[in-house]
Each structure stands twice: as C-alpha cells, then as structure tokens.
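Two complexes, one shared chain (chain A), two partners (chain B, chain C).
On to the complex of A and B.
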C-alpha cells in the first residue's frame, strides 16, 4: 500500500510537468489548429536561456526566470510570424510539417551551440525533499515545486481565458474564427498571443524539468511523452491538459513500478491508442461535428 | 441575368482532346523508358560506392512512393513509416534468418506482415481525423519499436540480427551491381503498379477522399474502405522495402528505426512533390544524397576558409538539421516540391519570351 501511494505521488509530480507541456499544445491547437511538434525544443531553449541568464549573466534566480520567459515567448512569436502565419488557412498538413522541420532544425542548432554539454541549473532551494507519511518514498522539493508551479499556472491561465478580454477573444476565435473576426477580434493578435503563451508554458516546463535533472537536449523528450497527455485530455481543452498530464504521469509511474521499468516509454502511447479508440476527441475535448 | 454561353464539347474537340491525352501518355512512357534505360546502363559504368548509393536511393524510393500515395493521394499523414519498415525488416529476420525461407517469399511475407499492422492501425484511424491520425501513427511508431526492441534483446542482444545473402533461385545477389539491378527492378515495379493504381478508379477515389471525405462519400465512394485499403496496400509496399533493405544491409537493429527516419521519409515526399510518383523517387534521391552533397560542397571550399573548419566539426549536426531546413523551405516556397519546381522552370522556357503566370490554358 505504501508503495502504491508513493508511486502515485511520483506520478502526480511527473504529471505536473506533463500538464505544463500539454497545455502548450492545447493553447496553440485551440488558436491556430496546429500541433506544435517543436514544443520540446522550446522547452530545451527555455532551460538553456535560464542557465545563461542566471549563471553567465549573473541575474538573481527570479529575474533570470523572468527574462527567460520573455525571451522564449519572443521566440514563439518569431516562429509564428515567420513560419506559421504564411501557411494559415492551408491544409493542416503544411503547418504541422513545418513544426516538425523546425524541431529538427532547432535540435541541430541546440546541439551545435551547446556542443552536447550538460549544465546544472543553480537553484535556490536544496534538492532533498519530504517523505510521504507512512511510506518510504521521498518526493524532492523540485517535484513539489513543479506541482505548485503547475497548479498556479493553471489557475492563472484558466482565469485568463475566463475573465480577461484577450482570453475571451481567444475563446471566441477558437470557436469560430470568422465570426470572431467580424466582431472585431484581431485574429493575428490572438494567434501571436497564443504562440507566445505556449512558448512561455514550454519554458516553465523546461525549467521545472531541468531543475530536477540536468540541462541537456534530452529534456525535450518529455514533450514526446506529453503528446499522449494532451490528446488524452482533449486537444482543445485546457483543463483536459491538466487532467491528461496527471493521468499519464500516474499511469507511467504505475506501469514502471508494477509492469517493468522499460515500459514507461510505451505505456502512455498504449493508453493513448486505447483512449482514442473509445473517445476520439479525448476526455474533456469537444466532439467535432461534420457539416456538409 | 444573362445566361453565359456554354462551350459544348464538339466531337472534333473531343477527338483532339483524346489525341492530346495519348500524346502526353506517349511522352510520359517514353520519358520513363529513357530514364530506365539510363539507370540500367549506369549499372555497368558506375563505381561500387555510387552503385551502393543508387541501391540505397532505390530502396528508399520504394518506401517513399508508398508513403506518398498514402499521404499525397489519400491524404493520411503518417509518422509510422519507420514502424512499417521495422515490421518488414523484423519479419524478414525471422522468416529469412531463422526459418530460411527463400528470399522472394520472405519479401512477400514481410509485406503481408506490414500490411497487417497497417490494417490494425487503419481500422481505428477511421474514427480519427487530421491531426489525430498523425498522432495515432506517432503512437504506433513507439509501440512497434518498443515491441521490436524487446524481441531483439530477448533473441540476439543489442548487436541485432544478421541475414543470409539474398538468393533468387540460383542467382545470389552479392555484388553492388547485382543489388543495384535488383533494387532498380523493384523500384520500376513499384512505380508501374502505384502509378497504375493511382491513375485508375482507386486513385481517383483516394483523391476525392483526400480533398473532402464527406463529399466523396456522398458521390458513392466507400471512404472507410478506401482508407483501410490504402493503409494496408501502402504498408505492404513499405514492408517489402524494409525487408529488402534488411537483406541489403545484412543486419537489422532497432536503432535504425527512429522517429527521425520516419520524418526523413516525410521530408522525401515534401521535397520531391506530394502526390507525385516521380516526385517520391526524386525526393528519395535528394534526401539520401543530401549528406554526400554537404561533404562535396565543403570539399570545394578552401581549407583555410574559416567556415570550412566549423562545418567539419559540426558535420553530423548539420546533416541532421539540413533536411529540416529543406522541409521548411519547400513548404513555404514551393509546396509542390521539386516536381513543381521543374515544371515551373520548364514552363518558363516553353513560354519564353512571354511571362508565364502558371495558368493552364
């Protein structure tokens, strides 16, 4: 029983990071209908920017993170303006493939500039954490922080969509871009905000992941495992991303605990395939209706 | 409102049209024969390393043609290419390496195995659309590679499987020239079959499904059948390519079948030209040759040139990243790929000195 609780707790911690990644997919998908395959590379960029601004430039931790979020958001904007905007309105194939191409290019740029070196992100809190009462499992401070950060981020983003003017415009544009633009919503602005926001979410996830391990190009692979999270929750649902992330995190940890540690690479995808067969639009996603 | 005059096709206009179609077909066949003859002739003059390269290109082209039919013609974007190649290759290791089936039979059976896997994804994919299909094939990739890795570790360990030499009746395919000729035959067969299917009733049905599946179903096309058959048929061809490649290399490990491999095939069809059979072949040649091209270009630079050293130290990353650049450039600037680019160049010269605006009269 103790093992089970500990495993679930680790799963939730992992799931917190997955949901942060998944919400990035959701924001971009809701706005522009594109699945961003370069999201993992945005995470890696965020982590490296954080390292540069804190360790090289010497900014205090919080300021370094803030600068990183701004820069990564700007990268998201540039990517949108240069690559995605010219292809909007075309078949879904082209912009999605562009993001795949971009992920390859960013991978090799990251690999060339960092020469494959890994770095340790200097963090203000000690790593060792608390043990869960009644179990032998310890949860590191960074897992706890990741959970808190994810929770705060989701509250913020949900309030943003719920109450802010831009958030309302974004929901309107997601539902029906044409009607929204007739009502005076600037689609170009909405799309840019979405890409910047998603890049910021990616940077947060990248930093959260990097603070518990090392900064290396490998942290982008977390995004590959967060794909199932975004789809399981429903690609057009922000809360679905949170739910899907946590579920996938728990399933992955349970699988690696009770089935075999090497199943963690494949378990999320099996769950995803089964879930998609039963509910092709995800747990909280909205069903698509075809009209002639 | 005044009714616009409708041009009714007259009998003579119809005859003229048929003549034109036949003439185009003749030129097309003539072109194919010339290219084929040149390719055969090259087998007897090319160096061993070039023949090796040619074989690699031909086998890749077989896979790319199938993927292009699935993506470019039927409109199903698949990131499962590496999974289907792996299915073919691993079936070949079992049937050819363990059970010692004859080579050609192994190729067929590997294709059937991959076709089965294609059917297994094809059926659930009927409920998915667009993006979800891409991600479904993406999930398939991880599941198949995981299964193959397990199988490999349990049976032979990380070195992978070795395959016996390929043997057709009494002809053992050993030299580079043999392999070049065999893969040339294979690619010619694939081109002929796929082009035939795409130009016929099935191909037209696929195009209709790609452009608007709902409208296609209203015109009486069985969309589900088209999609499942498309998945099975193209996976079959990809499986054959995977098995052939396994025999050609002589060794199979799961490390070959990465997501990047699947993306490289997508790059081939984007760069070559979506929905075009010759485009797939050209794209395969382009992507396979790209690393060599980089080395060649760098070789031209004087070694004192500061960039040359930088390129040499980062050659692997550059090779890995460059086809991403080409994916982006082609999608943004010439979505029709090299085939469309060639047509544009041709039109420019044909219509010279007039500016051609790309309107087909």
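On to the complex of A and C.
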C-alpha cells in the first residue's frame, strides 16, 4: 500500500508539469482552434532564457524567472503576430502545419545557438526531498515546488478567466467569436493574450522540468507526453488540463512501477487512443468546439 | 454534426501529428533530406597537405539524446586530422571527413551507409555508436568491402573478430567484465541496482552482469530501463533503493536522465555508491555528483587532465576548440590509428588495403591517452583493452586505477 501511495505521489509531481504544459495547448486551442506543436520548444526556450538571466546576466533567481516569463510571453506574441494571425480564416490545417514547421525551426535554432550544450539551472533550494507520510517514498523539493507552482498557476488562470475583463472576453470569444466581436471584443487582442499566456505556461513548465534534470533540448519532449493530458482533460477546458495532467502522470508512474519503467512511454498514448474512441471531447471538455 | 465532425477531424489530425512527432523524437524513422551526408572537411588547415584526400565517412548520432556521446569522438578525430593535415598529412595527402547525422535511426544509418559505400573516394566508415545501427550493417560490410570502425561503443556481435568490423569503442562485454571485476574487488557483498536507457545493448549488459557476478557474493537486486526520451528517473531510483541496492550502476543514460538519477539518489537519501559504467565519466558528471561515493569508468584520459604531458600536448595541438570530454580523446586516438594505417597502406591505398593495414600496423599511443596499448590484430578487433576507474577527490576527478576489461583471449591475457 505504501508503494502505491508513494507511486501516486510521484505521479502527481510528474503530472503537475504535464498540467502546466497541457494548459498551454488548451489556452491556444480554446482561443484560436489551433494545436500548437511548437509548445515544447517554448518550454526549452523558457529554460534556456532562465539560465541566461540567472547565470550569465546575474539576476537573482526570482528576478531571472520573472524576466524569463516576460521574454517568453513576448516570443509567444511575436509568433502569433508573425505566423498565425495572417492565417486566420484559412483552412485549419494551415496554422497547425505552421506550428509543426515552427517546432522544427525552433529546434534547429536552439541546437545551433546552444551547440547542444546542457546546463544546470542554479536553484536556491537544495534537491533533497521529504518523505510521503505512510510510505518509504521521498519526493524532491523541486517536485513539491512544481506542484505548488502548478496549483497557484491554475488558481490564477481560473480566476483570470472568471473575473477579469480580458478573461471574460476570452471566454466570450471562445464561445462565439462573431457575437463577441459584434459586442466590441477585440479578437486580435484576445488571441495575442492567449498565445502570450500559453508561452508563459510553457516557460514555467520548462523551468520546473529543467530544475529536476538539466536544461537541454530534450526537455521539450515532455510536451509530446502532455498532449494526451490535454486531450484527456478536454481540449477546451483549463481545469481539464490540470486533471488530465495529473491523471496521465499517475498512470505513467503506476505503469512504470507495476509493469516496467521501459513501458512508461506507452501509457500516455494508450490513454490518448482510448480517449479518442470513448470520449473525444475529454473529461471536462465541451462536446462542441468550433474554430474561430 | 458538421461541428462535431470538424472537432473530431482536428483531434485526429492533432493526435496523428503528435504521435508522428513522438515517434520521430524516439528515432522512429526519418527520411528527412537534412540527414543526407554532407562534407565537412579540413578546409582551413589542409594547405600543408594538398594531394587527393583520403576520405573517412562518419555515420553517427550527432544530435538527439545520445548526440552527447557520439559527437565528441567525431570532433576529436576531425581535430587530429586537422592537426595532421597542417603538418603535411599522410603520404602527402590530407585526410578529410564526411558526416551523416543518423539521429539514432536505423533506416537513416542504412541509407547513409549505402550512399557512402557507393562513393569510391570513401575509404572507411566510422561512428555507428549504437548496436541497433551496427548489427544490421555487419553483413553489408563484407559485401561492399569496406571497413567500419565503431566508436564510442561497440557491438558484441562483431567482437572479438569480424573481418570488416573494428571496434574503437567501449565494448559492452568489456563493460560487464570491468563492472563485475571492480565490484567484486571493491565490495564483495555489493547489491547492484542497474539503471540505463532502454536498448538491446543495455539489457544485454544487465543480463550478463547478473551472470558475471553470480557466485561472487555480489548480486543484482533490480534493473530499471528508461525510455530514451524520458527525462525523469524518480520512480526508477526509488524502486532500486527500495530493492536494497547498495550500488547504483548506471549502464548508459542521456544527460537529463543522468542528472535525474543523481538528484533522485540524493532525494531518496541513498547512502550507497554509484558507478557509471558507460558515459558518466566526464568532469561535469563528477561535479554534479560531488561525492567520493561516485565512481566512473573512463576509457581514455580527459582533455582536462592537462597535468599529463600527453594530454597537454593534445590540447596544445587542437586548433581553436576547448575539448573537455574523454570521448574526444578517444576520437583523437582513433584519428592516430586511422592515420597510421593509411601510412602503412600507402598513397594508393584501397579499402581492402586499409582493412589489412588496420590488422598489420603496429600502433602506439604517443599521447598516452589510453589505459593500455591500442591496436588490432588478425584475431582481435577491439582497439583498446583496458579502462580507467575514476573517483572524486573533493574538487576534481582522479584516477584510482585501471581494469584490463577487454584483455581476454584472443585479445590478450590468458
């Protein structure tokens, strides 16, 4: 029983990062109907920006992270303005293909710029962790911080959508963009905010992931594991992303513990296939999602 | 209805693309033209040697999860050729290289091999760092009459002798021997928890290690294999610690996995020792571990060991770059081997002549980079026979000894 609880705890920690990645997919999809396949590269960019800000520029950790989020958010804005906005109204495949192409371009830029070098992100917290009560399993401080950060982020983002004017406009635009537009909502602004928010979420996930491993181009592969999380939770549901991420994390860890660590790649995609067949709109997603 | 169909179409499209990208990330296949071989020669420094170049073709994973292992040997080999070319080359001819990034993909490897073996100027193939890439090529080497020299690792199916296959890499069989020998001497009751990225070779090492330590008091209490794309090792390390491991043996791991393994060993308050069998002997790995309980096998000296005259000489002859990986030294030594074999082979060297020269040439290690003599024979194609063991002295890795891991008949010993 202790092993089960410990494994679930590790799954929640892993799922917190998946949730942060998944919510980026959801925010962009919800607003613009586009799947952003370059989301993993935003994660990598965020992690490298954090390293540069803290280690090279010499900013304090918190300031470095803040600067990183601003820069990565700005990258999201630029990507939207330069690549996605001109394609609004075109066939849905066009912007999707653009994001696939963008992922390859960003991969190459990151590879050329960093020469494949990996770095340790200097963190103010020691790696040592705490025991999970009732088990012999320990979870690292970084994992605990990732859980807390994810929880705070989701509270903030949910509050933003529920109570802020821009958040309400985004929900209105997602519900019926034409009607929202007639009511004075600036769709261009809404879409820009969505891309910036998603990029910020990716950067947070990238920093969280890099803290427990390394800053390397490989950390972007987490996005490919988080996509099933977004789908499971519901592609248009922010809280679904949180739920889906945690569930995928737990399922992956349970599979790893009880079936074999070599099988952990399999489980997120088994869930994806099952979700596609049984509930394609996800656990908390709405049945009808329309592109705007 | 239309809306639902559109949504489903989007989901299916996205899922398909996601799966395709995921498989791509796993090295599941790519015909990308960017993988096609390209020439990267010794243009800037080949003025001293101006004849028709000898061409060596490299096929290896220069990017992706194992790019960190495969790139330094290639860089070291190229750097040696650059240095050599600047001093006159071999038989008045420069040595140049062509490289194809296989990205861990077998099909790309085979396509690059077909292309290179069809180019008459290519005299030998190097790289081929994964056994999954080397094994399908073994039968093709004889049929095309071209020698392949693998680094930084080898395939056991090509050793100790295959006429056209030469190893200048860490032989997994040797890794097993070295690990078993080291642990039985160091801790006769060691309980090994083995962790590595998942590959036939690492599974083979784990299986053979279990057999090798049987009856010695040392035992293997757990084995964990991580998908190559996974970056988190928390569950794997937790399982090994709970299985009672007193030694965590890292078979092979990508950089993020390696970091995660070390960090999670700390998280689990692991009080035992860690032994990096393959790929964990770089200075950066030791700095990350920062404990005298971390040991690593290192087949060649690191360029950072400039207190050693040979290493200092190598570093002084490198043009521009600041190497810091011991696999770079391996590549430099391989460059020496190739150059000397070409010298023996002569100015009109053929592929078959080069193969023969690899067997008949008496090689030396003028820079003193390896733990023992290097070279091949007509019964043994493992290019080096020993490995160093390194520990941590509080500020830097230090050599603690060496093991004749590969020094068994027919490669020597008794």
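Here is the rule we go by: the second predicted complex is superposed on the first by the 288 of 292 C-alpha atoms of A that agree within 3 Å, B and C clash if a C-alpha of one lies under 4 Å from a C-alpha of the other, contacts with A are read in each partner's own complex, and residues count from 1 in each chain.
By definition in this document, contacts are C-beta pairs under 8 Å (C-beta built on N, C-alpha and C of every residue); 3 or more make two chains touch, one makes a residue touch a chain.
Note that the structure is a prediction, hence the values are computed from the model and not measured.
Engineer: Looking at A:235, would you say it contacts chain B, chain C, both, or neither? Reply first, second, both or neither.
Structural biologist: Both partners, chain B and chain C.
Engineer: Answer with first, second, both or neither: which of chain B and chain C does A:125 touch in the superposed model?
Structural biologist: A:125 contacts neither chain B nor chain C.
Engineer: Once chain A of both complexes is superposed, is A:10 in touch with chain B (first), chain C (second), both, or neither?
Structural biologist: second
Engineer: Taking the superposition as given, does A:87 touch the first partner, chain B, the second, chain C, both, or neither?
Structural biologist: A:87 contacts chain B only, not chain C.
Engineer: Touching A:100, do we find chain B (first), chain C (second), both, or neither?
Structural biologist: both
Engineer: Who does A:257 touch here: chain B (first), chain C (second), both, or neither?
Structural biologist: It touches chain C, and chain B stays clear.
Engineer: Comparing chain B against chain C, which has contacts with more of the residues in chain A?
Structural biologist: Between chain B and chain C, the winner on chain A residue contacts is C.
Engineer: Check the residue A:62 against both partner chains and state whether it touches chain B (first), chain C (second), both, or neither.
Structural biologist: A:62 sits against neither chain B nor chain C.
Engineer: With both complexes overlaid on chain A, does A:78 touch chain B (first), chain C (second), both or neither?
Structural biologist: After superposing on A, A:78 lies clear of both chain B and chain C.
Engineer: After lining up the shared chain so the two structures overlap, which partner does A:156 touch, if you call chain B first and chain C second: first, second, both or neither?
Structural biologist: neither
Engineer: Which chain A residues lie in the overlap of the chain B contact set and the chain C contact set?
Structural biologist: Correct list for chain A: 33, 35, 92-93, 96, 100, 103, 111, 227-228, 231, 235, 265, 269, 272, 276, 280, 288, 290.
Engineer: Under the definition above, what is the set of chain A residues touching chain C in their complex?
Structural biologist: 3, 6-7, 10, 13-14, 33, 35, 37, 92-93, 96, 100, 103, 111, 116, 118, 120, 127-129, 136-140, 142-143, 209, 212-214, 216, 218-219, 221-222, 224-225, 227-228, 231, 235, 253, 256-257, 260-262, 264-265, 269, 272, 276, 280-281, 287-291
Engineer: For the complex, give me every residue of chain A touching chain B.
Structural biologist: Residue positions touching the partner: 29, 33, 35, 83, 86-87, 90, 92-94, 96-98, 100-105, 107-109, 111-112, 227-228, 231, 235, 263, 265-266, 269-270, 272-273, 276-277, 280, 288, 290, 292.
Engineer: Enumerate the contact residues on chain C facing chain A in the complex.
Structural biologist: For this pair, the touching residues of chain C are 3-4, 6-8, 10-15, 17-19, 21-22, 25-26, 63, 65, 67-68, 71, 198, 224-227, 229-232, 234-236, 238-239, 242, 254-257, 259-260, 263-264, 266-269, 288.
Engineer: Can you list the residues on chain B that touch chain A in the complex?
Structural biologist: 71, 77, 124, 127-132, 134-136, 138-140, 142-143, 146, 214-215, 218, 260, 263, 266-267, 270, 314, 317-318, 320-328, 331-332, 335
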